[in-house]
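Each of the next two complexes has chain A plus one other chain: chain B in the first, chain C in the second.
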Partner chain A sequence: MALYVKKDDDRDEEAEYSPFSGIEKGAVLQEARVFNDPQLDSRRCSQVITKLLYLLNQGDSFTKVEATEVFFSVTKLFQSRDIGLRRMVYLIIKELSPCADEVIIVTSSLMKDMNSKTDVYRANAIRVLCRITDGTLLTQIERYLKQAIVDKNPVVASAALVSGYHLLQTNPEIVKRWSNEVQEAVQSRAALVQFHALALLHQIRQNDRLAVSKLVTSLTKGTVRSPLAQCLLIRYTSQVIRESSMNSQAGDRPFYDYLEGCLRHKSEMVILEAARAITELSGVTSRELTPAITVLQLFLSSSKPVLRFAAVRTLNKVAMTHPMAVTSCNIDMESLISDQNRSIATLAITTLLKTGNESGVDRLMKQITNFMSDIADEFKIVVVDAIRSLCLKFPLKFRTLMNFLSNILREEGGFEYKKAIVDSIVTIIRDIPDAKESGLLHLCEFIEDCEFTYLSTQILHFLGIEGPKTSDPSKFIRYIYNRVILENATVRASAVSTLAKFGAMVDSLKPRIFVLLRRCLYDNDDEVRDRATLYLNTIGGDGSVVETDKDVKEFLFGSFDLPLVNLETSLKNYEPSEEPFDVSSVPREVKSQPFAEKKAAAKKPTGLGAPPAGPTSTVDAYEKLLVSIPEFSTFGQLFKSSAPVELTEAETEYSVNVVKHIFDKHVVFQYNCTNTIPEQLLENVTIVVDASEAEEFEEIATKALKSLPYDTPGQTFVAFEKPEGVPAVGKFSNVLRFIVKEVDPSSGEAEEDGVEDEYQLEEFEVVAADYMLKVGVSNFRNAWESLGPDFERVDEYGLGPRESLKEAVTAVINLLGMQPCEGTEVVAANSRSHTCLLSGVYIGNVKVLVRLSFGVDSGKEVAMKLAVRSEDEAVSDAIHELVAN
Partner chain B sequence: MKFCPTIKNVLLLDSEGRRMAVKYYTDEWTTNGAKLAFEKSIFSKTQKTNARTEAEIVMFENNVVVYKFIQDLHFFVTGGDDENELALATVLQGFFDAVTLLLRGNVDQREALQNLDMMFLCLDEIVDGGMILETDGNMIAGKVATHSMDDGAPLSEQTITQALATAREHLTRSLLR
Partner chain C sequence: MLLAVLIANSEGNILVERFNGVPGEERLHWRSFLVKLGADNLKGVKNEELLVACHKYVFTPCFPLTLTTLFSPCVIKYAKLLIIFLYCFNLVSEAMFVVTSAIKDVCGKPPTERLFLDKYGRICLCLDEIVWKGLLENTDKDRIKRLIRLKPPTEF
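Right, the complex of A and B next:
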């Protein structure tokens, strides 16, 4: 009740005219009694229904009893012959969505209306009946529906077709029998009937490729009247093109002419749909793209915001794959930077950032600077992200871009925005070594006046790792110590840690650091004091400048290798007693879902939280995991961990993927298993690996997974020995072996006895690329020169006919598993030749650089010249062998 | 992949962003609270824009929303983020035109509330379960405005007021055509 009183207050000012101010469910339900009057007042009844609909629309819900009561009294209104009232009756029946035994009561009335002479009745009765009906009733009315589909009144036909479209979800067998009538309706002269019929016909036949293909073939030749139907046809055509291109590579693309023809349609909706379809064709050529880009370019200067938005959004997508094709629109795009609609402006900017060439960067940044001040934070974040990728693409431009980022960092902005900027700067520092010093200084300036504790502490942590490695670490000290003086306790504590890291790493700074740390001993926060005391003692605060030993460094910088969850549980279980808490008693086995977390970390290696030096966050996590397993702790330094390879189809009973960990003399396969059956508990899970097709590998250890409950990922490991430093390859087939126990779903208890079972997994290979680390270089030319021609190996290869140059380049990059440099992995759409620069580190820590020159002839035959330089002759040869095979 | 253009919701909000008549066609917003939150944020996001002469558009929570304002009424149509923007705009235009016709040009909050039954019928005639049913404003208004007796009804069943109302509607409809 109180709710309604409140509503009254809210609506006071409207009371003068709103007929609904302060209406209340109880009263309206009372009013609904007029439906039962012997002499119906249809106006009044309409009004009451409107009030009921108003209540439902505002989110009020009726109880079961109330709904039933209203429903029954509403059925009485079928006596009235007032069309307006009947319309309202239809509406309220749909809204009340009656249950099955109630439906029976109105069925006969609705069926009568379905066969009435009044078209409005017929169309609406069909829609209502189909909405509330179930399968059994449907067979009774099927005959009428089939007639209605081909009815000469378009409203009736549309009603039946749309209802059929919805019914197909629940009763496909029945609706599929209507194909003939639907087919006839596709030829209808009424535009929307054609649209609805086409939608339904395709839905019926969607799993029959041949039928869809036939449908498209016949309709693309005929006339389709409605723009909406034309849009559908374009979508179906794209589908047919997608599916047919999988079979045949050569020859002209089928139906392209039709799509291109649609670019000249009189309806903009159709033009847009066709242009979008063309840009989304797989492996689209620049010749095919040009007409679509041209119409989209025209849309860019339209007076309608919707049209401009649609065009710029499409072009933005194209720019991701074919940046060269979009450059022709750059002038129109630049004028959109000042568009009133901020969504359009942002899309225009990010498109320009993608298509711009190196020389245009400065000019573009100037324009963006003006634009940044008057857009919302969420748009700014999009722009910052685009700038980050631009900077990685053109590393030589980092000065301009870094300046821009530091400028916007100083301006007003919310947390998410500032975090995006800081993350970008960190990424740039990490990937472009030249940018490190200036980037760190920008960050230092930022924390001088930073209101976000989280960002300050993250930056301080990052400074502690990167700062000591710079040429002049002393210049950072002032910024860091200022934090100790001026900030809150959290920031002070992390500044103390950072100071200690400088002290531990840079011996020349030690005396000064000690002085500063000693001052912190008088801080009024105990955490700050504790940290200062701890660090002074560990790195030798007695004034002597000695080299900090390895253990201490490990303590200061080493990652904490205990799972925090386990530590927390252990600490909670610890009872205060004489015996001190023993850290080594904390179990190291990870129980929860470390894999999911790792995945998340892998996706976003840009954040400050991730350790520096490349995207190593997952590797670090893996390394930690592997070292914690005694069987594998002797394998030495982990060289590389591959991305997970799925060994099961999606949505199978057990989902398993494998991560290949490469060591110098060993290979460890980490199988991440998930049990997706709630009624099962798996125990003693192992993988039986058949390495008969991998001759150089010898199995030496396995680590079983004790138990694998439902939906909690777990890992099992198999280790192989291989010849040292040799990139051995081979194929491995796998069987998942386990003991399965039934679980009572209600209690969650597993049964005592289990059954042994096996599950066949897919096989996977260890390939040469697994022995290659992706490590970029910022200046390829310098790196290339410095490696010298001593171990250069050059050869030419024919790659045979390829779908496109781009496809060939991607294939070679994937084969080698190396990092493309300077954005050379992007192939211009129309080019006949391409040069690609790759860098990496081969097993044994051998630096490798590759220069690939591709050429393609008219027959799509791709030739490639491969030049390799490395620190070791054998490795250069090995790379050639990789390609040769 | 979705083939048919699908409408997620059609909203008519008042000058404060409150609900006049709304219709949701997907289960994406499960509770009334979620719906209200969506309406509130889309309203506050678009309020400052000028969508009076031409329909405007915004990307919002992985949806594309086209909208148009007139006087104190705010019209919105939402679709998925891969939807053809112009198809959504056509639906918006149809809705807008139909309401203009039905309110006889007096498109404001007051008139809309007094003819709320027509607004509901309008929503019902434009989209059916997410599928675009009709986009022509004239057709929609025509279907909504048939407030007469059906052919078989004897005249005696009509009251004087009903007869007058019928006559008035016939007149306005013929004037509007």
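Right, the complex of A and C next:
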């Protein structure tokens, strides 16, 4: 053992000898017999207990018999007077957690220790007893525990308080009776006792808002000395502030002075907790934020990584809502870009990207370039995402940002990283028309040397859609044809399709594309040859496949209107025979998709993974679903589908949400229902809608759901008629009606007879915003000018006293349901005025642009000037009516 | 709350683990994730450098808990020994320092796997004094040193 000397920590080659090597459970259990020796060898016993602890920590489990045997032997060790051994005994009893009928064996020994004159015995005995005890024993020892809480020895008091904290979960009634003692302990001079007492007291009172508020009020006056307890108190204070702000809107924020005072505490832990609490206050003003930001700024240059990380992470969060408040830290933040800890560096970068102004973008990008080379892909993805947002915020800077993205695209990196970059370039191309040509060329350069088939095919597909619309499509052909020569079969096939798209869209290129496609006829892969043949025949126009130019374009560019899953299933079921496969036999009904998946899908960033018309893809799915239902197939084109509105609370028996589908003359409510009770099968599920508060709506059809088994989402629909083209509004209350049948959990079979039942759902409204599609414009000024002042309507409105300017802006955006443009939905923290630009498409496919100018006076009265331009005078007026009402 | 303290050797074998409030079925995932995380972060790291939140926080493994927002794993490396913490923010950075300094104290010098195993029993006692089911119980290292020998603390 003494031979083991090691100077260099990283010299792993040296052989190590473990004192536990070759340890085996059976042998250790044999050794445990020494516990029964009449002459106890304390040292040996301690060693055996250590081995038992090691085995337990390695995940070895003892059988009931083994555990009982060890436990009984261990109890014999109470005879020993050796202090070290006694401490080990306490530990092993807790680790063995004996079952209730065995506990009795040690109870008396532990009770004796609990009343011992040696305080440390008492503390340990309390902890062990509370760990292994049940309710009945607890009532017997309650008196001792209450005394222990107010014991003058802090070790004993803490042991009792921490035990109480854990016992509260199993025996709340008993622990709640100790309130007076615990309250006394909160005033203790010992720091840890104060901390434990405060934690327990809050836990006891946590469901009583008033009591927590009283506790906070009394303690914030300054009796808490322990930094740990101070941190807890700050948390409880934030909770009280949150709850009280829901009730009162006006006046000074309660307890703010206390939080601000904590920023001057001598413990860093307390300062940080207070700063975080202040930044997380709802509707925090920049005046309130300033002192917190100042202390966090000091932490940015701390020598401790924990503090630097905590500060930069907090500031990063603040930057999302109050970018202007964080700008004062930019210089310190820039020095963190070179921090050794990459988490800190990445957070600093992403914060700077949020807080920086347009003029600083170039400088920032230079710094990031150096930083990117030495971080892992995962961090790089975060940076790429931040750059994409920055580019959309400052569209004029797209050249710098696009160059940066193209440079990092050429460097080494894994699939996810490359995909993030490509997705970002694609998003920028879609949102900033000026960026299209250069962006496409960067993507072309990338596929020249791209090792990922998936990305190559996706880019080729995108190129086929966007390339022909550029000023000089011919320059892309070389890149595409190179793929036909150099790549694998999958990429070659994609390249053939892309070539065909150029041929179909650009007449001047058609003859040359034919030459290239003909060469593909000799490819050694079937798919490539087949595609080339098909395209030559379609675009070549011999009339054998499609009739007209329009058909060609429809064939090449039209959306594929069959659900791919259904097509796949049908193809798998098709058996080769004389009869050819009939595409029209493929069902068009979209299979219901679990909500969680839908939500996950909705969160994914749009990029290559999504089709070009990204946001409308869900609408497409809805449209297909509705068309497939005969009752609704005559309603015409679907204008808009809302996001799902939850009609039940989380984790209730039945989970229901509603999607509002708006048609010109109709509204269809799609209720997505999930049954979360395994023992129930619901049948004939319908929603009974009371539309008495929606006068302009008349119910015309209902589609029931035949069966709703456990955890399989299903849909039921109710359709209403409304006046044509009118944005009718109203409130709808809903009751879920069904027949419930018991299901045998073992066999999964439902009983034959069911009982009719109802379940009350929340109500929801159809509002004006439901008639507005969020459609952004890349350059608002150009769009505004091109609409012209003919149908412009301008008026001013008083919005009354508001919590903040930001709140007023958000309320108006939500009311109109339009897309904020150029990042104007973000209101600078201390500004007195703000301009917000919105765009959208109103029902009847009328393009609408809105320019909102807000101003706020010292009494928080908000005034708003609303300027609307649209393609239709009546729509401009309608927008004003929406606001006026 | 300190959700987990894992002490592992560089081969990823866990020597001590204390989970608090992490459901049983999740522990296996956390265990392998945390140990891998510790090992992954060790390249070129100096001894005792605190790797705070050096986790790959973009791709959270398949846990219902969200690593990024709620919990930050933290790793401290000694020769062939990783001490990994999974904690709710801030309060428990205190616990981290207590645990590491207690281990260093028991080992008498920067711990190695061997020293750690030699003093295994005493280290278990230290952990028992410092944290019980995630709640910080003792923070002063001298006091802990006395308590594991069943000696009363000196300060009162």
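Just so we're on the same page, the second predicted complex is superposed on the first by the 743 of 885 C-alpha atoms of A that agree within 3 Å, B and C clash if a C-alpha of one lies under 4 Å from a C-alpha of the other, contacts with A are read in each partner's own complex, and residues count from 1 in each chain.
Keep in mind that, in the parts below, a contact is a pair of C-beta atoms (placed from the backbone, for glycine too) under 8 Å apart; a residue touches a chain by one contact, two chains touch by 3 or more.
The structure displayed is predicted, hence computed values, not measured ones.
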*Sticking to the clash and touch definitions up top, decide whether chain B and chain C on chain A clash or fit.*
clash
_Tell me the contact category for A:202 with respect to chain B and chain C: first, second, both or neither._
first
*Between chain B (first) and chain C (second), which does A:378 come into contact with in this model arrangement: first, second, both, or neither?*
second
*asked:* Quick one: is A:190 in contact with chain B, with chain C, with both, or with neither? Answer first, second, both or neither.
replied: second
*asked:* Which partner chains sit in contact with A:319 here, chain B, chain C, both or neither? Use first/second/both/neither.
replied: neither
*Look at A:329 in the shared chain and tell me whether it touches chain B only, chain C only, both, or neither; answer first, second, both or neither.*
neither
*Kindly classify A:20 by the partners it touches after superposition: chain B alone (first), chain C alone (second), both, or neither?*
both
*In the superposed arrangement, does A:127 touch chain B (first), chain C (second), both or neither?*
both
*Figure out whether A:152 sits in contact with chain B (first) or chain C (second), or with both, or with neither.*
second
_Residues of chain A contacting chain B in one complex and chain C in the other_ = 17-20, 46-47, 49-50, 53-54, 57-58, 83-84, 86-88, 91, 94, 118, 120-121, 127, 155, 158, 162, 165-166, 192, 195-196, 199, 228, 231-232, 269, 272-273, 276, 304-306, 309-310, 313, 341, 343
*Name, in rising order, each residue of chain C that touches chain A in their complex.*
10, 14-17, 47, 49-59, 74, 78-80, 89-91, 93-94, 110, 112-114, 117-118, 120-121, 124-125, 128, 132-133, 135-139, 147-153, 156
*Spell out the residues on chain B that touch chain A in their complex, using ranges where they run on.*
1, 3-5, 19, 21-22, 32, 35-36, 49-50, 54-59, 66, 84-90, 110, 113-114, 116-117, 120-121, 124, 128-129, 131-135, 143-144, 146-153, 157, 159, 161-162, 165
_If we count contacts the way the header does, which residues on chain A are in touch with chain C in the complex?_
1, 4, 6, 9-10, 12, 16-20, 46-47, 49-50, 53-54, 57-58, 83-84, 86-88, 91, 94, 118-121, 124, 127, 152-155, 158, 162, 165-166, 190, 192, 195-196, 199, 228, 231-232, 269, 272-273, 276, 304-306, 309-310, 313, 341-343, 376, 378-379, 381-382, 416
*Which of the residues in chain A end up touching chain B in this complex?*
17-20, 41-43, 46-47, 49-50, 53-54, 57-59, 81-84, 86-88, 91, 94, 116-118, 120-121, 127, 131, 155, 158-159, 162-163, 165-166, 192, 195-196, 199, 202-203, 206, 227-228, 231-232, 235-236, 239, 268-269, 272-273, 276, 303-307, 309-310, 313, 340-341, 343
